[in-house]
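Single-structure report; data block below.
A, B, C and D label the chains in the order they appear, each numbered from 1.
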Amino acid sequence: MYQKRTDLATEARELWNESAAEKTVLSGVIAREYMRESCRVTHIQITDEQGAKALHKPVGNYITVELGSLGEQGGFSDAVEAAAAELMPLLAPAEGGHVLVAGLGNRAITPDAIGPAAIGQILVTRHLIDHLPDMFGNLRPVSALSTGVLGTTGMESAEIIRGVVDRTKPAMVILIDALASRSLSRLCTTIQLADTGITPGSGVGNSRAALNRESLGVPVIALGVPTVVEAATLLADLSDEAGLPAPDEELLKGFTGNLIVTPKDIDKNIAEIARVSAFAANRALHPTLTQEEIAAYLA
Amino acid sequence: MYQKRTDLATEARELWNESAAEKTVLSGVIAREYMRESCRVTHIQITDEQGAKALHKPVGNYITVELGSLGEQGGFSDAVEAAAAELMPLLAPAEGGHVLVAGLGNRAITPDAIGPAAIGQILVTRHLIDHLPDMFGNLRPVSALSTGVLGTTGMESAEIIRGVVDRTKPAMVILIDALASRSLSRLCTTIQLADTGITPGSGVGNSRAALNRESLGVPVIALGVPTVVEAATLLADLSDEAGLPAPDEELLKGFTGNLIVTPKDIDKNIAEIARVSAFAANRALHPTLTQEEIAAYLA
Amino acid sequence: MYQKRTDLATEARELWNESAAEKTVLSGVIAREYMRESCRVTHIQITDEQGAKALHKPVGNYITVELGSLGEQGGFSDAVEAAAAELMPLLAPAEGGHVLVAGLGNRAITPDAIGPAAIGQILVTRHLIDHLPDMFGNLRPVSALSTGVLGTTGMESAEIIRGVVDRTKPAMVILIDALASRSLSRLCTTIQLADTGITPGSGVGNSRAALNRESLGVPVIALGVPTVVEAATLLADLSDEAGLPAPDEELLKGFTGNLIVTPKDIDKNIAEIARVSAFAANRALHPTLTQEEIAAYLA
Amino acid sequence: MYQKRTDLATEARELWNESAAEKTVLSGVIAREYMRESCRVTHIQITDEQGAKALHKPVGNYITVELGSLGEQGGFSDAVEAAAAELMPLLAPAEGGHVLVAGLGNRAITPDAIGPAAIGQILVTRHLIDHLPDMFGNLRPVSALSTGVLGTTGMESAEIIRGVVDRTKPAMVILIDALASRSLSRLCTTIQLADTGITPGSGVGNSRAALNRESLGVPVIALGVPTVVEAATLLADLSDEAGLPAPDEELLKGFTGNLIVTPKDIDKNIAEIARVSAFAANRALHPTLTQEEIAAYLA
């Protein structure tokens, strides 16, 4: 059967529920929902291998923050505060130490550019703390890096980050990356935080490309934003919704991989949520600075 | 019934054929196909109002050039020559006179940016011919303009172009614009040339926005490139292909307008076909210059 | 003698004073200075042809606003309010009518890009007032346009603007453009407002390129920002300052025209003052909207 | 005395000659000149510490290729071939092994952007050789990286490169970077190749920032392009040329560091010579591929 594609744990849980027989209980997964500012938060905890297998994701915490309406008065500010508040506890293992923020993805492909776009707005301080201890001594050391992509560097992002981690010894890594969703309404409106890093291919194989505690040697937080819906996933979903028989496997084959469904003006949406992502990271990393102070430092 | 969206006359004819009862003949439309270089050309001539009504397009000529594989050796050069050869006869009414090339669309929205992207590569000569008659006196006067879009200028493209036409008196206008297709395989691989200009809303109403001989006072050629497939059109098409009942009207409603299906790396495709479009126009406007000479002037 | 280059009336007056014999009085020019917010304002009024000849500028008003430190807390907001307050009285002749804001200059040359960069941040309303009279009916109709440059359009900016003015009938035109200064300290820190439009070559000849009331048929305000110091001007100034004999004419010849002295990171400075310029125009054109409301509309 | 700033060994030698007493011989430096294609090549060899001290550069080879007129027919191709021919012998120590090409500098500052701009046009193959040995097995493994700058990453370029070198084990590193020249005529018209890497501050101190064999553990080639002339250097030079007394130290102080003299349209020049630099590196790294084949792979 065609496997609908999503990188969001909350959608993986929905998919499981849809496919499960009525009385089955999803074991190894704890979910709860609550509001934070004006944003709905869903916290999915995968507690054991049974849950990991059901949702195709490693054991760990997956927090989805729905950002509300960024266009409205105060919407940007609320979204940043909500995402920052959810991110902050995940930073606890770093204990105030140096954090490296790495942006994944391809600057030249719009829906893939969220990592590089956010990295340009990370408030980096590592280099300032030594030189200007009076001004910056009370801030956490933060560094930032865009890795580019295999096709333009010839190196896996994991190789580059691993090399930089070995040399600069951060206490933690935050990755910013684009995700696939099954739902158009989640595009550029949701942030997923996960304390499991990124494990391409659901943890199976390809350990060379994995970006997690195991491969990098330090805790890894993933901040992901859904920016694409694969066309094949959308078609399969629509057929279900409409009560139609599943589309032919052959038919879907032409749509897998590279074809996506997207709002026409995605360029603007990407720019906006990249800024929310960067500011959420900045606020969580430097909780003594306000959004305005961070904006002033970045200008 | 949901109206599948296409701006290509050749697809409008396909749609008519699909919907028509078996024996009906499409009156008022003449079509022929042939090869030009390695490119398939379809020439649709709408000869009367009956044909115009059937295809939802004004009476005139619509020439589709399928560009072949731009990535292959010689592919770019072949595509330029084929499109230029089809464009050249359409320029006859200008009789060597001044031609204004105008790029429509929004530079900030990737699939809409083909007009501005192509305009940046048009070889303009109008200002040189007076100043450097020895070097440029034997070239045709060409000027170029990107109009921006209503939301960022507060003016219809037609108002701007009309104003500039009144002042600079070109003998003809060429418009470069993005189109919608029903077919993914035509995205960024096809150029449609039309001697009818652009009449938003199939010629019905909105004469303020029309860009044609009637509104501008000179002949208007449209050079269009399909860069988007509307998600709703694709869904409706797929259901037909798969022999499924037509998707619910309600279901499609959520997909009309702004949602598109696109290759993920459309940025690169747009850049490439914008260059093909500009070079085809350059070659047709300045047939004494080779592609290499044009490239050297533009550098 | 080498003529030091400046487009600022206040500097032209300085140059006259430096070159004049001690007791001479500069006739036909009235100057006064005052503070507006934290910004120093110099208002030069050229009252007759004698003054015009002395300062190489047409009769009219030239207001220089020194923007203070944009980087400091409140600096951006102060600069916008000061420039808007000086601009507002110059808009009186338009009497609430439609204003066209035109950006001159070349988007691809950093120190020349201020016009296009500012235009992208002008709040245009002309198209909204008809369609959404409840929301926008109380705002002034504003339209905006970047003209490109002769080398890429084949048309003088004046031709394009004249064509658009004839068609859309604004009550006034505001031009945004880059200027040359003699002083490094004024680069990207000063705005000059003038009610004389722009007359290339000090009003001598080239009426085809002039952008003023005479050529456009409506009042024309110029909002200019010094972004370059010509290398030859700087050298001549430095020799004077240092008490050295004037540099050889031959020596300076190599530096005229295209060679400029600039801060290395001018890209960032241009982006910043383009935003100040656009917001000053927005505030003066829509005085009922706050800076925050304008920013929200533009997002 | 004010120290005129240049990063070019050939200019450092000129400066030494200008300041030296007539009969003094510059010991420890061997220079020779010759033509390669239509390009003048100057090869400076610093053979001992006495030469190193005189020219403020480490012992090693410094090859300057003057690119001729890039705008003329065949100019680009000639420049690429000449620079590639000079680069090739410097690659000998890598013996066909993996080469990492790193771009230094700030993408957001035009005259500093040559490194990132060139990196985008390096033909990377390291990732292809394993996956597609039939197509790419006979090519040298090449990887590429833009390091960003301290202010936006919080990390020295040297730290990032060292980390990546430790992890990916290249046999050699090529650095692409912007240089300062004393001469306007060398801006964006010259490439300097050096087998000494880059040692900020003339090898004195700051070993953390050095990018050379000592710090990276493998041979390091620097490919540098002069893109700026410091304003203070130019002034001092001009005074000398004009036979004027040296400008006052105080006067020059305002010009050191950040103020540069540059052609106004430097954006275009940077793009052009970044492409020459990348293609020269590509040709030297993959001598079996023609310029056309490289261009086709990159498209």
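The criterion applied here is as follows: a contact is a pair of C-beta atoms (placed from the backbone, for glycine too) under 8 Å apart; a residue touches a chain by one contact, two chains touch by 3 or more.
Nothing here was measured: the structure is a model prediction, and the numbers come from that model.
The minimum number of touch steps separating chain C from chain D is 1.
Interface equivalence for C-D, evaluated over A-B, A-C or B-C, points to A-B, where over half of the contact pairs coincide by residue number. Among the remaining chains, A is positioned farthest from chain C, on the basis of C-alpha centroids. Over half of the residue numbers at the chain B-chain C interface are used by both copies of the sequence.
Counting C-beta pairs in contact across B-D and across A-D shows that the higher total falls to A-D.
Centres computed as Cα averages put chain B at a distance of 45 Å from chain D.
Chain A and chain D have Cα centroids lying 38 Å from one another. Across the assembly, chain D contributes no residue that touches 2 or more other chains.
For chain D in complex with chain C, the residues that touch the partner chain are 108-112, 184, 228, 231, 234-235, 238-239, 241-242, 244-245, 247-248, 251, 254, 258-268. Residues 71, 73, 272, 296, 299 of chain A are the ones that touch chain C when the two sit in their complex. Contact residues on chain C toward chain B in their complex (touch as defined above): 120, 124-128, 141-146, 148, 150-156, 159-160, 162-168.
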